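I have a structure here, written as structure tokens, and I will follow up with some questions on it.
A, B, C and D label the chains in the order they appear, each numbered from 1.
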Amino acid sequence: MKPISLEEAVALIPNGASVMVGGFMGVGTPERLLDELVRQHKTELTLICNDGAVPGRGVGKLFDAALVSTLTASHIGLNPKVQQQMMAKQVSVDLVPQGTLVERIRAGGCGLGGVLTPTGVGTMVEEGKQQIKLNGKTYLLETALRSDFALIHAFLADYLGNLTYALTARNFNPVMAMAADTVIVTAEHVVPVGVIAPDHVATPAPLVDYLVANG
Amino acid sequence: MDPQTLIARRVALELRSGYLVNLGIGIPTLVANYVPAGLNVFFQSENGLIGTGPIPEQGMAHPLLTDAGGRPISALPGASTFDSAMSFGLIRGGHVDMTVLGGLQVDADGHLANWMIPGKMVPGMGGAMDLVAGAKRVIVAMQHAAKGKSKIVRKCNLPLTSSRPVDLVVTDLAVIGFPGGRITLLETAPGVRVAEVLAVTEADLMIPTEVPEMKI
Amino acid sequence: MKPISLEEAVALIPNGASVMVGGFMGVGTPERLLDELVRQHKTELTLICNDGAVPGRGVGKLFDAALVSTLTASHIGLNPKVQQQMMAKQVSVDLVPQGTLVERIRAGGCGLGGVLTPTGVGTMVEEGKQQIKLNGKTYLLETALRSDFALIHAFLADYLGNLTYALTARNFNPVMAMAADTVIVTAEHVVPVGVIAPDHVATPAPLVDYLVANG
Amino acid sequence: MDPQTLIARRVALELRSGYLVNLGIGIPTLVANYVPAGLNVFFQSENGLIGTGPIPEQGMAHPLLTDAGGRPISALPGASTFDSAMSFGLIRGGHVDMTVLGGLQVDADGHLANWMIPGKMVPGMGGAMDLVAGAKRVIVAMQHAAKGKSKIVRKCNLPLTSSRPVDLVVTDLAVIGFPGGRITLLETAPGVRVAEVLAVTEADLMIPTEVPEMKI
């Protein structure tokens, strides 16, 4: 893990990059990194996250600034801007069931090619996907998802990069922290090594490439 | 009693002690207000919490403790938090005993449509497809009709949420089930006659010789 | 969750049952449940666990008493009794790569039909399995594993059944606690509700069917 | 220097700062004793720990803190523990920068056999198949020959551990690699001549014009 400034961290991300962003309706989202993405005006992003949040908050800010060209998410119902940009064909949206989305990201992070899920069988979600029958039950083959960058928000981060998350701000963060080529983390608190007990680490230090410095 | 309260109170009677329950947004959320006294029920919020409590007292909300809609909630003693992979492992893996979801349409085969109206409203399925695929018991809580049109239809013309049929539908007019795979009127709302239900229902309901009134 | 005596807990398990047992080389194994399985002489067990442990310890006790007819595990090299019983065809052994074993159990617990893994391609492990190519890479389709019972050893259990694990005694325990019809738990310490912080719960209470009482 | 120490010390020179490293049982375990000064390396134990430390002082061992062989170990400040799904997610997902494994045979294609001798010894593959499939760099640390027979063979006749070739083999006589996919003698052990290596090697090694001696 390398400490890095907010500005330098976002400068690593080129236009057109694929970016996973942790958070659920803006809770557990690395807001400072998103603000800086807007400030540096990184465009044509392929965004992978749970939902579209709301305007002005979480990944909603990226749609406010029209930085996203492709979105993979499970729910966009609470952000009218995403709906508008989708209808206007400014953003291409791939809607994925939430449990399938997190398993596809987990597969990407864990070296699995994909998983077999019953979710979506017999619905629009099955279109174009291989179906596999096992013991009389039908499953969809859902393939692994990875990205160039994962932007992660932790509760505690220690000097080595070990991370914990708090309450419902955990959500997609630890799963995405395994599924990207470069993992950039912000934290509510950066603490000395040893403050986080080994049993409480949710993301082990070697997974973190960059920890954004405080202030 | 207003229709939403009626529906929520009737659904709450389906709860059993020890159940792990997931409530969707809207009317389903209200079910938590009517847990029968003495029942120990675990409510899951799919953003990563078991043991959701009521809306926090003034000044007690924490920005990192929210429901699936992003609104502040509280956590009861014995609550647990986890990531989304675990949350949907619980859902898909059959560990959720009961889920209560809103609906746009339910048809005679028990199929639910509740995640999009093509060309008009595309909110996305969120966790609904996993919940219907995985929960042990799926209950739909919704108004019987919208803008004068029955939401209990012969065949859904909106995109389905799952090929797995739901187990029970509770509306402001009726309780509808699928014994033997046939859509059946099980109960009527207080003061509502069977004929009134049939008049506003598109699907052809089976009518048992006796149709009791909801006991709220 | 129901509290239960050790004797009653094991009495639930019939001869011939399939049983997952947590632990890694006997660390994190519910030793009291295994001792009681031996005392009640439950036979013809189908055992699913990481390894064969060593004689006199962990699942090794089940082989000492010749209670196992089928074993699914990743490693049996440190228990000569398992090797002997396998060679003598008293025990049928299915060796599974450790990462594949834990993913198969996780799939069973999470409602997935299976996963695609690169592990085992081009080895004896691929025999009889479907191969799936994605983006030029070959994967084996490994199917979900479930069992009648999971015997789990926790560090802390609260009165509701929330569990934590300690250090390397976690291993397969939380994964197996999701993958069996009936989950029976022993704990180093049973503590009041609230002692375990929500963020530290590894196995949420609703997963636990029976918690073996102290003493 | 005894052969095991030689091998372990040579392998240790492959470590880089920040590496996450998994060491197999046997000679590989010894590598942890020879980490070059100033290098910050994370060692993983696949039973669920990153940050393994040395064998604990007398009386400091804890029965719930062990290596993959079940022996007591210690944990360094900044260690983390996790379940087996996470442990192998790290391994299979390419998060382990380097693994060092023992071997029974390595062949000219770089294929490793290290988990069974049919009809004789069937310990099982444990985590080895996942490690070879998933780690970024796979190093085999083993004696060059056993009972006078070369372990560097033309083609493995023992069951393979993976179809993915290993990256480097370090023995008591030589360092062998696979530049351009061809099995090649990269270094000789101190005081060992190239001809001596060739004499006890079944596989046909490529011999570069200059073969340096291991720098220990």
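The rule we apply is simple: a residue touches a chain if its C-beta (ideal position, glycine included) is under 8 Å from a C-beta of that chain, and two chains touch if they have at least 3 such contacts.
Given the structure is predicted, the values throughout are model-derived calculations rather than measurements.
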Write down the chain pair with more C-beta contact pairs when C-D is set against B-C.
C-D
In whole angstrom, how far does the Cα centroid of chain B sit from the Cα centroid of chain D?
55
Need the CA-centroid distance for the pair chain A / chain B, whole Å please.
29
Interchain centroid distance [CA atoms averaged], chain B/chain C, Å:
35
Which residues of chain D are in contact with two or more other chains?
49, 75, 81-82, 85, 88, 91-92, 133-134
Give the residues of chain A touching no fewer than two other chains, as numbers and ranges.
103, 106, 110-112, 117-118, 165-167, 170, 198-199
Pairwise touch list, complete, is A-B, A-C, A-D, B-C, C-D
In the complex, chain A residues that touch chain C:
103, 107, 110-118, 130, 132, 134, 137, 139, 141, 143, 164-167, 170, 198-200
Complex contacts: residues of chain C adjacent to chain B
1, 106, 109-112, 158-160, 162, 178, 193-194, 198-199, 201, 204-207
Applying the document's contact rule, which stretches of chain A touch chain B when the two form their complex?
24-28, 50-51, 53-54, 73-78, 83, 86, 93, 95, 97-100, 102-103, 106, 117-125, 155, 165-175, 202
Complex contacts: residues of chain D adjacent to chain C
45-49, 62-66, 68-70, 75, 81-85, 87-88, 91-92, 121-130, 133-134, 159-164
In the complex of these two chains, what residues of chain D are touching chain A?
18, 20, 42, 49-51, 75, 77-82, 85, 88-95, 97, 133-134
